[in-house]
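Worksheet: one structure, shown below.
So that you can tell them apart, the chains are marked A, B, C and D in the order they are listed, and the count of residues begins at 1 in each.
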């Protein structure tokens, strides 16, 4: 009962979805979107579990006066204030996301800056990761470095200007070469475009085809009940 | 009818020709395709400077339950269109309908003859998906064959995956330093195969952590994944005879917001200073924020994801990275039973024949392109194969 | 208006608080971090209920009942029960019931994994690799795809011919990773420019 | 520790300060630069440009504020272009939280180009449904969107009366920061033979090249660079063009540091060998 029913549910759900994929007739035609809707509803319920876990974790810290409990208090207060404001806006403006609801103020002036700043901090991390990892340590790392640098140069107007300078330099050494013609080639940008559209796409496709095969193998293992850690 | 034709001829607007109406194929019913051809003067316009002709503005499609009366307009289409799929919510399957198309200009209109009856119906098989069906059946069948062979005990070799071998070292080092272990599924949902593939790895890590009495932290972004992770960790501890070691507080929920999650995990990393970090699951842009923070506290980091766009960052910031499908195969390495390895072998078998087929087709295409004058048939065969391999959606 | 000005100051403070952790962990960052987790978790809950559960469950039930689609309405009981079963997690004695809805969600993933894998990835990517080798680009593309595919070969040791091909594969993979990384640097710096633009333009009137 | 060793293992915080300066100084000083238009962006531009007058463009706002610095300029550029060509614009979105951004852009560009809400463009807002909705619109858009985001029925807008499904939509634009663009391509592109162009963050652009390559989409506008290229094509510089010098400076700095770092690495390694 505790194992066989879940395994049957997995099997039936998956096989139904696969079969329904090929059948436009009712009730199969919209089965996929129906199941995905159901999944969304189920996960809506599970947010209660998430809330339970989060508040319990931090309330315990507050009550036990664990070091840094003040921060936990901030978290719990922020959580409940947000939800209260959300329900209030929902009730008052029909939707919490009405552009003039106070909930949207919270969104615009607190969530947006937090989100964007956290995201923007990536600029710094990309910087330090590149500085550390892109060393001519071995062949693979060197390839990484060279490809990254070429794309970085090709990606900005600076690369264009740099290429123009190279053209002028070549012109100075070999006077027969026309600067304009060389500039028009846009060396770095062309290299970037080529790198992105051929080798990168090729590797992406190879990885992707492999992922599709691996995914099918994984799915079959799940459907046949060979892989069942998810219900350990 | 005759009158309208006569009127149209008088001012130069002729009705759309060759009107057809048939059931829309490969759908779940409730739709009829109406096609027509543009009346001649729209094409002749430029060559015949006839001032009395007003340019065609578009077409109107009408539908009725009767051949002669009760027509209602269902759509108005631009002059360039020659087809309309009527999927009005009032349309019922099994009911005969009649259609009529009208060409109109700013001042005038001209109606076609009535076509019909046409009955819409639902189909039991989408014929445009035949190639996908065949491919799916062949692939699944090959997997099943290999499973059968594996069950019978055929010998299987599998190569090493560096990232997997490193798990034990990482755990050992964290224990030596007396630091906790951090495991993250990223933003994965339970419907993501990579999350299901990462659960056995969590199980293995949890077992080791119970063995070494090292704290294991699993912050989550999805409550369902959290539930599955709690079960997995608890079970692993119980199996190691340490059910007391389980603390639900360590396998908890943070937030499902992408960067909120990253901020929370970063906070945990900065304060707990884990000795080993495992990034196994589905990651988006937050991957590098977390992995760089992990590096800054000196943790050994091991990553694996199916999200190709994030692999470069893990490769740059982590000590070991499982690329692409390696993480999907990982559970077979943890449980090297014949039946698990059979699916891996099947995967390789399909991969091999895929490469052979692709190569053969590409060579055929190359020869066809070179000998396109002498042996045109080669090109035709090539194009047919490519067309067949291209899926309709 | 006054709310917007307060909002801009709050936003600027939070921006600086988050950036401060690049220097080191500090109380300002800890407050911002805990605020962020709390607010975003609450926000996510409201979001999920307002956008998913309410329209998909409550509205759909009401509409279908109104239009006399009784089956369509009452079938929504299934996801509701599955959702409630999920909540059994928090009661240890019947926690095992939550495996049923989990199985349903896993089944969705597995089912889609097969057909979506074939239709969405396998066939389109394979069919697009089928190009005559009459240009350098097509040739490089073909070699890249095949070599990368060989790189993942699990059931043979990467020695001899396979070793050579898989090494070509890793070259392609590394070039691809480097290029993607380089391409991304640009995007990340764009985001930082966006934040600086906010601080220098919206908050402090330095750029006008 | 020698000088070169110190260089190759410099404290990350020094790098961070340098990056801040490289970004802030050009923003304040505003130097002038040139833009070169890449093929994917030109192709996207031409797809829009070739649409007949009065054709309908559906723009899906599939990004949220975190990618706004990159994608918002694209939306503004596309709106300006579409309005200049007298196209009708439907704005929708797969991420509810992106729609405030669409409102900001429409409120700015609409009046600027002399266009009115309801006559030239509508914002039908967000409805849940994801990929199911994408497929569903192939049948009838009103199955999901009976009204615009303010609750006004779609049929009260003249141009919307003839819009029912993808057949009536000349071009679909997905401005995406995640996998949503791929969903549009998978569920709508081939199935309904819909012309699609994608505007996305620089990160996602590489993974979308393959779709451009296989003809599943007609163009890609990638990152701030792509946005500034689009601004150049429509001849109206905007915030993307302003940000590009800072971008160049930061890239220059990164490459310079990579060279110095590697020099330090090589020299200190050689010394160690000696």
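Following the convention adopted for this analysis, a residue touches a chain if its C-beta (ideal position, glycine included) is under 8 Å from a C-beta of that chain, and two chains touch if they have at least 3 such contacts.
Computed from a predicted structure; not experimentally measured.
**Q** Could you work out which chain's C-alpha centre is the most distant one from the centre of subunit B?
**A** D
**Q** By count of C-beta pairs in contact, what is the leading chain pair?
**A** A-C
**Q** What whole-number Å value describes the gap between the mean CA coordinates of subunit B and subunit C?
**A** 14
**Q** Distance between subunit B and subunit D based on Cα centroids, please, to the nearest Å.
**A** Chain centroid spacing, subunit B to subunit D, equals 22 Å.
**Q** Between subunit A and subunit B, what's the gap in Å when you average each chain's C-alpha atoms?
**A** Taking the mean C-alpha position of each chain, the two centres sit 15 Å apart.
**Q** At what distance in angstrom does the C-alpha mean of subunit C lie from that of subunit A?
**A** Between these chains, centre-to-centre, one finds 4 Å.
**Q** Using the touch rule from the top of the page, what residues of subunit A touch 2 or more other chains?
**A** 18, 21, 30, 32, 36-37, 39-40, 42-43, 46-51, 54, 68, 97, 107-108, 111-112, 114-116, 118-124, 126-128, 130, 134, 144-145, 149, 152, 155-156, 196, 200-201, 204-205, 207-211, 213, 215-216, 218-220, 222, 230-231
**Q** Give me the residue numbers in subunit C that touch at least two other chains, ranges are fine.
**A** Where subunit C meets two or more other chains at a single residue, that happens at 18, 21-22, 30, 32-34, 36-37, 39-41, 43-44, 51-52, 56, 86, 89, 99, 102, 105-106, 108-110, 112-115, 118-119, 122, 124-129, 142, 145-146, 149, 152, 173, 176-181, 183-186, 189, 191-192, 194-195.
**Q** At which residue positions does subunit D touch at least two other chains?
**A** Residue numbers touching two or more other chains: 12, 16, 19, 23, 66-69, 96-97, 128, 186, 202-203, 205-207, 210, 213, 223, 225, 247, 250-251, 254.
**Q** Viewed as a graph of touching chains, is the assembly arranged as a line, ring, star, complete set, or other?
**A** Drawn as a graph, the chains make a fully connected set, so complete.
**Q** Using the touch definition up top, name the residues of subunit C that touch subunit B in the complex.
**A** Against subunit B, subunit C makes touches at 18, 21, 25, 30, 32-34, 36-37, 39-41, 43-44, 86, 89, 98-99, 102, 105-106, 108-110, 112-115, 118-119, 122-124, 126-127, 129-134, 142, 145-146, 149-150, 152-158, 173, 176-178, 180-181, 184.
**Q** Quick check on the complex: what are the subunit A residues that touch subunit D?
**A** Its residues touching subunit D are 30, 32-34, 36-37, 40, 97, 99, 104, 107-108, 111-112, 115-116, 118-120, 123-124, 127-128, 130-131, 134-137, 145, 149, 152-153, 155-158, 160-161, 186, 189, 193, 196-197, 200-201, 204-205, 208.
**Q** For the complex, give me every residue of subunit D touching subunit B.
**A** 12, 52, 54-55, 66, 139-140, 142-143, 161-162, 164-165, 167-168, 178, 186-192, 203-204, 206-207
**Q** Any idea which subunit B residues touch subunit C in the complex?
**A** On the subunit B side, the touching residues are 129, 131-132, 135-136, 139-140, 156-159, 189-193, 196, 224, 227-228, 230-231, 253-257, 259-260, 263-264, 266-267, 270-271, 309, 311-313, 315-316, 323-326, 329, 341, 344-345, 347-348, 351, 354-355, 358-359, 361-363, 365-366, 368-370, 382, 385-386, 389-391, 393.
**Q** Help me check something: in the complex, which residues belonging to subunit C touch subunit D?
**A** 22-23, 47, 51-52, 55-56, 116, 119-120, 124-125, 127-128, 176, 179-180, 183-187, 189-197, 200, 206-207
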